[in-house]
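Before anything else, here's the structure in question.
The letters A, B, C, D and E name the chains in turn, as written, and every chain counts its residues from 1.
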């Protein structure tokens, strides 16, 4: 292969980061995210067990769903019993609870936070709004299907889902994690272009790097 | 800085000594409240698939889908709501609006799924954990999203009406009609039940919009006799009405009447757009026997399709049974005229006092016209054939009604017994009651029927009104014998009737001979059904015609007999009622059109 | 106001004079100079119900300039209502404010009733009053936890949110919904009280009072709470009109504005209710005032429970809601939410759909104009406390 | 003694201390939870958290210093711990106690924080430097009363060797510094509140103000190391306080009981008070505890 | 209140004035008078509290209606002042001198309705929308459902049946449409 071709391919492998101003591009990574295969069966099983017992949730309450997270965190339902703890920063969180409707302005932050989370990461979608638009199906400013923008592992029905339903959702997520079925992060990197296309279609002022490392 | 402010906060730890509030096992320990709005349930036995839930759902979460095992029938569309939990907001408006009360909610609220597509389900069909759950939100009887009470129809008081034949029902005024029209759910289930398949929701919507002319046009799409039907239709649609499940059905008939009443007869052509139909263009002509609803309906549609029509009628005026079988207090003659004059004005010729078979033969009609439609109706009375029924003071109801309509004097007796439980029986009862009242100043008429009160075929309001007019209705008796002394009727012996139909639904009355009664009478009127008079068919035709069960001429679904040129419809085929006649005439008219055009093409080939 | 004159509060008044450059009354901040840091707080923020971002320019720990950024929760309710039938509006409006949805339900129902001339039956009015007052209790409880949490006292939040959950249980029994009650429909309410409800409610009032005593001991008599909240975010009485401040925020600055008393709606006119005001003007005064109002609300709930009639219609007759037309006109209906004046301006054009519905939330000015003014020259530690102390509810800003 | 055996003992000692520190952390969470009216997480939750953080597949790094931050922090923890004799008289838990170790320990307490500051600064998130500024400022502030207390202790026992100090306190409960020099202990205990960073001195992490501050960008194994260190460092601090002021421990059980109660002071105060504003916190340390500390020194030196 | 209305009527001409409730009045004034009337109401008549300011789109008439809702703390009465402005030349005076917080209403109306407020502070800053490229969404001619369907991918696979049509299909399919009226031409 000629060197020129290799350069070309390398260039294609890089992200364009077109939303950024010229002088800032150098400050951001332009590498593509790549998927990470699970480790060998037993080690991964052990880690999955630990992951399922220590679920760090990003305390980003988007939409109404955040309201029911509060009773869940506090004395009546006390989710810390189940090893679920809120983390204030996406870097440390593994679970993203998208609490219902996401306006365009919020989905931008959701995408960004999701990308900043370090894998393996899981997404729980609450309520009707994330499934098929919910009661805002005809609103010009809320998305209809969350799975078009980030991969979703669990959907919980309700408007709002009650804390009990949320706990049931977390339990189901635990099962899935232990069974090793939650590979949303790899799904995201494998279908990266598709997700990006969808995201860029609705987020008109894309002024962030293409992938928020 | 106070010391209290430093020490007092340490009382936080008081809480540590108390029992924590935490629920041990939240998923199982906490069922939803008794009227919690959880996941949906649907009782298929009650659901009629009217789609009100779909209509009111502000999230467009509900679809109506066909469900296996749910058949489409009168008053039940066979569709069932499928709910998308990707839309639902659990506001329970669908539950509150459900006219049958079939849609409810359980108190279950936990549903987790991996795939969003799972969240579409048909409550009642899809197997769910909560279908059997007892608790949950149900429609409260105290709240009213839909008006289940009909707007009251003004009627003339019994004291005022029982002497005269003026129309009882006054009809809705604009305000009342709008209010009544507002009750419509627009589900459209009634359309299938209406024999003429009138677009009921559309014209009711037009009333709501106060666009009477449009409503009127919709009426004429399938029914050219709105004034008649607006008064005396058997309104089967109203039994199919979704509101009927939980209250009073919509007064569809009265609304139809309201529309027709609003348009003066001189505006008919303008509104319906039939000003320039005078000259038939096709050059084919059709003979119609009988100016009853079926014949007139056929004539109207054929006329607007451009055929030349001639109607032969044995009686001196048009309308058939509507004029000669229905008393004037229910259907004033000028209203019949209003409908029929318009049809006449479209160029339909009517020849009265001409009995086919006597004054003109059917064969001649066949020869002179391209097709013949016979809607001759049921004008012969049927007898109970009990001992004494052959007395001259035993009458048939149809004959008496015809005589009254023709204006002939009737020898009304002081004590009358009417046998029969149908609408005709009520008509004759009330007619004779009026005549009695005129003649004797009092009413002594008794109506008895085989059927007990709850299964009497007459309309409820007819029975109520008859009673208001002081006629006695004593149903549930089987006539045994008319007692006659010296050629004069003394009365009627009856025995208790236990059941009318057997288990297979056939007519097979059972009596209890021990319970007897005697009704005193000078005159007996039989009103147990009518028969047809097919004497106009010549032997030749008769032998070629195929007959179906109960002596009816066999016709295909287009009311065409096996003689291709002869179409038969109306009471002699279906019914008996006006709306079937109208529907038959409508179908037959189109079939005749198709039949003649087809012949055309063949000839050209 | 007396306190205002004291010298010790003077230092907390927004004073921009010490910043280098002022242009048109605004500081010119050059981020390139590396003297200032621009930092975003939010969209997620504990203590605030909903997402709202503060764009802060800080100099060290001190906030130099604040801009409120909203829109994360914009769902276009008003646009959606323009294409929904009148009856379909009430489930959607309660989503405008999550901790206290009932005020929205009441306002939109009352606006429709006002426009179409429907009179709500007596019992339904009482049930509405009960529901509104209970929702105030729930919202205040949540706010109290938020205020404590915003300055780092988690225990109070744990208690009050837990206690609020017991109130939600009552709501669930009464209305069938936990958070979104969708209880008040045009014409009345949806359900009568269940059996034994009053006893359970009275029991809960006693429990809540007990908890509040505990909170008074630990939160209000707390030296650090006082040191942090006193003098924070001073709203002078003059600012009340200038910034359209309503509700507890205005009452804590001495303004007598309580719609329940000034313009009584539903059955508030028949209750024994007193205007609570304070002259503290700062965050601590607001917290104390809200605490007093919470106690008053508990008192009102028990008053209502005593007065509620046993029997009666719970809904006036509506026309068929599927084609319910409301005569043309405009109206403005308001109610006192925990944040202040909450109103709905509804314009009808005689069709089956509203022409325009506007939800006026109290946070609209509190969180933007007012907060941008108050959140200057304070420590970055206090922005959260300040934001909560104004009781901002972002969903009602952008709707 | 053979150096290898010493190292082996040190490893055992470190493991025990870390495990103890983490369990103590888990237990404290449960105590907090009780005050909140709930049950709280299981006490082994910190271990699961550490496994989980180490089990992350991706761990983004921001540069060399970013790697060094957690390492320094752990180094600080180890350094602090390794020079404190944990159990008086025990060979295994003697660690590398030597003459003047008290100074070394005090240095190492600081060391970890500084290292962390470097690493967190590399993360580039604006909240990190805010948190670091607060953390270092507060540390400087509480270091004053703490140092004064330590000086008082050193003066009192005429030694900078912790083992000696512990030895001097043996015999009777009245020999504890707590009773011999209560002022110094009060000053030290107040600065312990700051050191443990519970409310009202939790200004560094302060999730409501500067979302978790310095470690905001830390993730995966970086965070795992920090968490491990938290267990170790907590144990080290408590053991140090126990040794200096509460008579040390002669066996593990006494160590556990004493340290637990020392920690409980922080917990009791922590649940009762909200957080200080940073400057309030600094001012606080430089005011009362400092005065008390000075009184402590005067008390030892002249009485 | 009647006195106040009379006093106002003395000063300017009020087009429409309605009493909605005892504590709610509305009247309509000309665009040019708005500045005067609002300051008069605020300064002289104690209508010091501006509850809100909003716009209504009357697409059919080509007008925007602006409403200023005032409140009087002394007599506890709400007063709505309506102004109709031309939809094509949608522009209004900024009232931020009277009430400082009105700028944000004006910013919102500017963004959602596209009405201009020259001189209003920060009026061009984005309020709730981010990266909006369509016409201002609260205008009546903006169809939100259509936009949503176009942009946000509704989940496919749903279909519904109208009971009316479905029953026709099942039960009386052959009962075809009305015969067309054949007319002379």
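Keep this in mind: contacts are C-beta pairs under 8 Å (C-beta built on N, C-alpha and C of every residue); 3 or more make two chains touch, one makes a residue touch a chain.
The model shown is predicted, which means the values in this text are computed figures rather than measured ones.
Leaving out subunit B only, with every other chain where it is, the touch network remains one piece.
In summary, the chains found to touch both subunit B and subunit C are A, D, E.
Taking each chain's centre as the mean of its C-alpha atoms, the one that lies farthest from the centre of subunit C is B.
Of all the chains shown, the one with its CA centroid nearest the global CA centroid is C. Taking the CA centroid of subunit D as reference, the farthest chain centroid is that of B.
Chains joined by the most contact pairs: B-C.
In this assembly, the C-alpha centroid of subunit C lies 24 Å from the C-alpha centroid of subunit E. Averaged C-alpha coordinates put the centre of subunit B at 89 Å from the centre of subunit D.
Subunit A and subunit C have centres, each the mean of its CA atoms, that are 32 Å apart. Per-chain CA centroids place subunit A at a distance of 38 Å from subunit E. Counting partner chains per residue, subunit C shows two or more touched chains at residues 46, 71, 74, 76, 79-80, 83, 91-92, 155, 158-159, 162, 165, 180, 218, 222-224.
Of all residues in subunit A, those touching 2 or more other chains are 74-78, 81, 105, 131-133, 135, 137-142, 145, 159, 162, listed in ascending order.
Shown for subunit E are the residues in touch with two or more other chains, namely 128-130, 137, 142, 144-145, 155. Looking at which chains touch one another, you get A-B, A-C, A-D, A-E, B-C, B-D, B-E, C-D, C-E. Those residues of subunit A lying in contact with subunit D across their complex are 36, 46-47, 50-51, 53-54, 56, 74-76, 78, 80-81, 83, 85, 87-89, 91-92, 94, 118-120, 185, 213. By the touch criterion stated above, subunit E contacts subunit A in their complex at residues 128-134, 137, 142, 144-145, 147-148, 151-155. Every residue of subunit E that touches subunit B in the complex is listed here, in rising order: 155, 157-168, 170-172, 174-176, 178-184.
Note for the complex: subunit C touches subunit B at residues 84-85, 87-92, 155, 159, 162, 165, 169, 172-173, 176-177, 180, 182, 185, 187-192, 194, 214, 217-219, 221-224, 226, 313-315, 317-323. In the complex of the two chains, the subunit D residues touching subunit A come out as 29, 33, 36-42, 45, 48-49, 51-53, 55-60, 207, 211-212, 215-220, 223.
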